[in-house]
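Take a look at these structures.
Below are two complexes that have chain A in common, paired first with chain B and then with chain C.
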Partner chain A sequence: MASYNHDTIRDLIDGRLPWQSTRSIMSQYKDDDRFFKYIDILQERVTFNDPILLPIGEHLYIVAKQGEPQGERVVKCGCSYEFGHYTRNWKLKAMINVRDDEEEIAEIYPGRHSYDPDWMEIREFICPGCATLLEVEAAAPGYPIVFDFLPDLETFYRDWLGRELPKESK
Partner chain B sequence: MTDASENETMTIKEQLLEYDRRFRETGCYAGITELKYREDDPLRYESLHTKLRSMTISAREMARSISASPGVREVGEMVVALYTPEGDAISLSTGIMVHVHTMSRFIKWMIQNGYEESPGICPGDIFANNDAFIGTVQVPDVMVVVPIFHDDELVGWAGTVAHELEVGGITPGGDVYLAQERFTEGLFVTAEKVGFNDELRRDYLIRLERNLRMPIYWMFDDKAKVAANLELRDQVKELIDDVGLDYYKRATREFIEEGRRAQLSRVKQLMVPGRYRGHTFYGHLTEGKPGILPLSDGNLLYSIPLELEVRGDGQMHLDFDGTGSWGYHSMNCTPAGMDGGLFVTLTQSMNYEGKVNDGAWLATDMNLPSGTWTNPDRHTVATATSWALLLPAFGIFQRLLSRGFVSRGFKEEAFVGQVNSPMVEMGGQSQYGDQFGMALFECSAAGSGALGIKDGIDTGYVGWNPESDMGNMEVWEQGIPMLYLGRSITADSGGPGRHRGGTSFTSTWLVHNTDELTIATSEHSSRVFDNAGMCGGYPAPTAHRHFTVRDSNIQQMVEERKPLPHELGSDPHMSDMERLVEGDKNVIEGPHIDKPLQSGDLFAHSYNGGGGYGDPIERDPLDIARDVENGYVTAEIAERTHAVVLDHDEERDTWRVDEEATVARRKEIRGSRLSKAVPVEDWIESERDRVLERDFVDEVRKMYQDTMGISSRFAEEFREFWRLPEDFAM
Partner chain C sequence: MEQSTPLVLGIDAGGTMTDTILVDKQGNFAVGKAPTTPGHEAEGFMESARDATDLWNLDTNKTFEELEVILYSGTGMLNTLLSRTGKRLGLIVTRGMEDAVLMGRGLQSWSGYSYPDRLHAVTHAHPDPLVPRSRVRGVTERVDQFGQVVIPAYEHEAVNGVKELLNQDIEALCICCMYSHVNPEHEWQIGEAARRVLAENDVDVPIYFSHQLRPIIREQSRLNSTLIEAYATAQGRDQLLGVEAAAKQHGFPHSMQTMLSYGGLANVRYPRLHETMISGPVGGLLGAKHVGELVGTDSVIVSDMGGTSFDIGAVTRGKIPIDDEPTLARFKLNLPTLAMDTIGAGGGTIVKVDPYTHKVSLGPESAGSVPGPVAMDMGGTEPTIADCDAVMGRLNPDNFLGGKVQLNIEKAKQVLQEKVADPLGVDVYEAAEGMVNLLEMEARSSIESIISTQGVDPSEYHLMSYGGSGPLHMAEYSRGLGFSGVMTFPFAAAFSAFGCTTADYLHRHSQSVHIMIGPETSEQDRGEVRWQINKIWDDLDAHARSELVAEGHDSEAVTCEPFAMMRYTGQLEDVEVTAPATKLESDDDLDRLTQAFETLYETINRSASSYGEAEAGFTIMELGLSARVEKVKPELTRRPLGAAEPKPKANKGTRAMYYNRDWHEAQLWEMDMLEPGNVLEGPAIVEHPATTLVIPSGDRVRLDEWTILHYEHGD
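Entry: the complex of A and B
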């Protein structure tokens, strides 16, 4: 079974591995020990010490909180900004910029590339802590904000990874 | 467990029902609970699989060189597959793999509908179908299958599909945009016996000849399909003689069960269990266009929400609850088409090695709410351009899978998704003076969505055919009364992101040697973007404008050796056609449905790029300099969206990154983002008033009325999200 070291996986996920090596990894059987190596790499990059349980996007992690309430599974940005419990949509605690007028649209989609703001708007979800653009929605006006991902952490850890999921105090 | 060989006394229909029952009872394909042959002699087993696979591939390659149509010959719009007697796919070639499961539906339909008794299934018979309610995606996808007999026993089917370039519908070409009901979609062949003794019936060929604008494509493609099927059939028969019938029957079923198990274990290996959600939108413009029938008169906005549930056992459940009703337009899709979309996505996202067959499909299920465009409740609904909604729908599926890949650490597999990209269909008088019709298949080379670790593919990918190609301009010019003025990269057509979406291209043509050229484009969203980004990447813009110049002064420009419009150009406000040429200039929003063009007129059409991945201001500035230098991104977008400051050396036409200024600019952007943005909770509060007042344009309001009416779950979630009174209705 394939297995790669820390630096190879780091370069791979950063898109810095030479294409030939990347391609060969993509064509190979997958390395079953990837997940915790990946978590270790991400853990080195974030500004907090709470252990990462699961990444859910770029810069977004479900962590087990070290502070109070201890073990609480919250969503954090890599900059430490906390978005609340993972079972609630993190976007509701973000900042938003909506592009629904000509000038705002033209900044990204000028002229013939534009859309009709009566039919669609671009919603940018921004981290209040570090101003990273975390997610972009293109939606009809009035469409509810999407809750992208609600993982089944218990099943994932217990049945798929064969590891104990750190307890969350109620 | 009973072996397949013990069923010789059963009819195929009984056998099909029996295998379905065993699947329900054991959860394993055909009741195969152990992979006996695989365990006993893996080498023999794998060798059979490899042989069958190479037979399908070589049959396809051979057929491509027989075919008359550039769609098959140049861009490879064809697939060959081998089936069990009950119609389950065992092995398939490369090409338009979307049809592997739709053809399976067609075979099963014939068996379920008593074809064994009438019209009979005999050695040498040839059956054809292009009815999507029986099993295909759309009218141009014409499938031909032949039974494989060993002595007197039906032991399988060989099947081939090609996308036909002309189907004789209300508008010329293959994807009949203006079809608004079944009755205008073109020529239907509904699970018909079209040949015997290995030959197509003469009366069938005469029907094709007299009902199509350009019969040679379909007729010769059908001959190529028959040839591929016979080649595959004869090779399989030889192989059966070699390995023995009992071995063949059991082993090929084990392949499918192995495929099913592999899919479940791959989900567990690459994904994370849980609930994933996403959506996209699609705008359909009809207002003011000629040829729209009274029933379909009106613009439409479709919302396409998708929920994916990944269960603890690796089973995936897709749910399209909350999407809109079918309509009097050509973009509806049948469950067979949706199956095809699912299959082709799975083969590329998860089943990239090992046994690619119907097993993967068995490990996945879908909710296609009745009455929606995904499952129309009457068979007279038009599905001629179902890719229009099907592609964006399964683009969402790819993004949902990719969320799981990113969570799991397999970022190299994350893919922002296939794109929906518009297509040019045409007909009228050819450059040779005859009647003609053509689907210009260069659309098979759109931009792809970005990957989690790199940019999307530029001008080289579509979802339905992973081997896609745009074909040579010179070859297309042989079949259409137009000359290429240019084919060029469309700057800024990929969605911005840390990894940008693949860019697409624009073609410009001079209409040549014809008095009448009708162009009817299909499959494009208007006013909204249907190819989204992810993780901070932006959607790709949708190419929803066509540029024409009638009565142009091009002849004079050529004589005076003036610069010609070879592209739309990098100015998004003024195209080169508008800037350089004199004449009657038009910009047409949405599908090009307009009065015919003639010699000397100009036409430009753009394809779509893919969505981006990650925050664009995290993009490597050097990559942006390279993008600008090569025309993928304009300097304006580089500066505004990616926040890169570039110096232009006008003499050498090179671009250099001003690193210090870029760092400063990116810092400034972060600051201005936060000063412009508002907390989401405040935004919801203010938007709530708008929702309460129903302050939306008609198309948006109608979309909500429709989806809230058809889905009580969506209606409830909508009211809950905006905290609306229980009796709130749009």
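Entry: the complex of A and C
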């Protein structure tokens, strides 16, 4: 089974790996130690020490809190801003910018590229801690904010990674 | 070796080693080896040639004087292309087509990929263009498909374009206009303008015209052919001329030859040198045709299993089908090539087991020669087919590559256990045989698919099996296919090289046309059609002859065989029809041409009774001819049949071999000690420094008077 070193995985994450190597990695079966190497690299880059359990966006992580309540699984931005428990939609705690008028739409979709604000709006979710744009969704006006992803962490750890996830204190 | 008349010296300059095969008139071989000397190829060439002549105690200079042909093939040009270290090109195209270099053909983004990678578009990527978009200029012009000028060529745009390209220090200029294969007027005009600009600036860069390289329809392939010729062949040609000079210094009286993708020899000064870049598997087909004629069969399936790939081709009733648009380094080309299929299956093919699903798969990755299979102990860590063979006792650990490499069976077994047998939960030997069977099954189904596309009953074919790993797996991959015979050769590993030495001097010329012959076509129009066909054949004939005469052949010795690429009008693919006569003298001759097409079409597909004549009509898409000058060929030695029992000195004892889930005590034989008439009963293993033939229990092998091994399956 293929296994790649820390530097290779880091370059892969940053898109700095030559195409041939990237393709060869994609064509192989997934290296079985990839997940934890990947997590280690992400862990080096965030400003908090709570262990990352699963990345759920480019700057968003489900982590096990070190502080109180200890072990609680919360969603955090890389800047350590906390969005609450992972079973609740983190977006509800983000700053939201809705592009639903022609002027704002034209900033990103000028002229004929524009969309009809009666039919669609773009919602941008921004971290209140560091102002990073974390996620963008397109939905019909009035549609509830989309809950993208509720992972089954226990099963994922047990069946796919072969490790038990430490229990979360209630 | 007494009484040897050296005939052909074949050189294959690879990335690391230069291999030489010296063949004499009697069909004996000597194989030489020397390290390739990049930058000074002539040195490696001479060293390798000396290594071969020394084997026969021949004087090198005398050998060079006697040789008829030196055939040089190398991967130099291909490497130039793959490593993108060719010339700095500029390109002029019809305005509006400038992005063609970037867009390419869709299939170029996945060509050569495994089936799973083809399905997963995330792995798809276009090859880097040979000329960046910034060095492409458009010129307003348009010729329509009938060759009429719709928009004249705007010369001032050409002049400006060339000036801008010169400012970017181009080393060669390519010109490719739409429909230039019908009417090259605009390409000439742009070329003239370019020459004036070059003269004014006192710069000398070569100009390549697409219609000259290959006047064939399909813009993208014509463009690719032109770019590759300009990009990659210049250095290669210098290298070839250097090697030729070295050979001449040692007394070689002729010009050196290279092998073309459609199986002909061409002088190294040949103007379309990119045609030599896909010549790898060609030798096997030529060799098979030659040996087939010798033993009296004109239909042969060839199967070449080496370290990385399994190549399959067919010779059907003496004809080898041509692939007109092959892919080279992931570029689609307009280049006739002897058709061969290839799958990633060979001795070095890596065996993989999916950790989650336990699905087993083979390759297409190969361990190559470095690091090679685990058993070679050169750093290989992934189990390969060769490791499976070694573990099962089918390879001799002390005589691999003639004993040059000692196989580490224990290590292979350990890796196989850990990475294949344990995840699957089976015994290591069972796992090894399972993997080998999987490879043999893939090989067999690829043979089946090639037979079914020829429209010929397998019982009309003989199967020839060669390549280093061919004889090792032929017993199973040929089993149950119903061939009329299965053969292999003592020199199986060198069969492709041998095949190359049987080639004739052969050049192929063709021209795209669009000629329709319908049921309603009047006699006068049919006369017109005949005139047009004859005119093109005549022109090509004159051109082909002058090219061969310029290469030093006698005009009398040239025979030209015209052909037409034909289809029923409205179809998308054509077939190559050999013309019934070199000239269509009468209206009947035209009928004979369409009849020849129908006969061929029915052989390949099924009867389309009078579909062309009464309904759709016929379309000719391309007219061409093959111009050939015969060359002396090596002969295989014919010896009287002797006793069925091999001489005692051929006997090398016995070895335990795993086959069909059981261990057998296999009789070992030395390949080179076997003689005509010998019959070997399985279980047996025949060893040769470069190959191993495995005969399971129940099967047997018979040697005929040419010392060809005939494999006979038991019930």
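Here is the rule we go by: the second predicted complex is superposed on the first by the 170 of 170 C-alpha atoms of A that agree within 3 Å, B and C clash if a C-alpha of one lies under 4 Å from a C-alpha of the other, contacts with A are read in each partner's own complex, and residues count from 1 in each chain.
Everything below uses one rule, namely that a contact is a pair of C-beta atoms (placed from the backbone, for glycine too) under 8 Å apart; a residue touches a chain by one contact, two chains touch by 3 or more.
Owing to the predicted nature of the structure, the values given are computational and were not obtained by experimental measurement.
Asks: Would you mind checking whether chain B and chain C clash or fit side by side on chain A after the superposition?
Replies: Aligned on chain A, chain C clashes with chain B.
Asks: Which partner does A:F125 contact after superposing on A: first (chain B), second (chain C), both, neither?
Replies: After superposing on A, A:F125 lies in contact with chain B but is clear of chain C.
Asks: Who contacts more of chain A, chain B or chain C?
Replies: Here the partner covering more residues of chain A is B.
Asks: Between chain B and chain C, whom does A:G111 touch in the aligned arrangement: first, second, both, or neither?
Replies: first
Asks: So in the superposed three-chain picture, is A:D100 touching just chain B, just chain C, both, or none of them (first/second/both/neither)?
Replies: A:D100: touches no partner chain.
Asks: Where does A:D32 make contact in the superposed view: on chain B (first), on chain C (second), on both, or on neither?
Replies: Both partners, chain B and chain C.
Asks: Scan A:E168 for contacts with chain B and chain C and give back first, second, both or neither.
Replies: neither
Asks: Of the listed stretches 80-88, 260-268 or 440-448, mark the one in chain C with C-alpha atoms clashing against chain B.
Replies: 440-448
Asks: Intersection of chain A residues contacting chain B with those contacting chain C?
Replies: Residues 26-27, 29-30, 32, which sit in both footprints.
Asks: What part of chain A is in contact with chain B in the complex they form?
Replies: Of all residues in chain A, those touching chain B are 9, 12-15, 22, 25-27, 29-30, 32, 34-35, 37-39, 54-58, 91-98, 107-116, 118-120, 122, 124-126, 128, 130-153, 155-156, 159-160.
Asks: Flag every residue of chain C that touches chain A in the complex, lowest number first.
Replies: My answer: residues 114, 116-117, 120, 122-123, 125, 352, 354-355, 419.
Asks: Touching residues of chain A toward chain C in the complex: what are they?
Replies: For chain A paired with chain C, touching residues are 1, 19, 23, 26-30, 32.
Asks: Can you list the chain B residues touching chain A in their complex?
Replies: Answer in residue numbers: 268-270, 272-281, 283, 301, 303, 305, 310, 312, 352-353, 403, 406-413, 452-454, 492-493, 496, 498-499, 527-529, 532-539, 541-542, 545, 568, 571-575, 614-618, 636-637, 640-641, 669-671, 673-674, 676-681, 683-684, 687, 690-691, 696-697, 699-700, 703-704, 717-718, 721-722.
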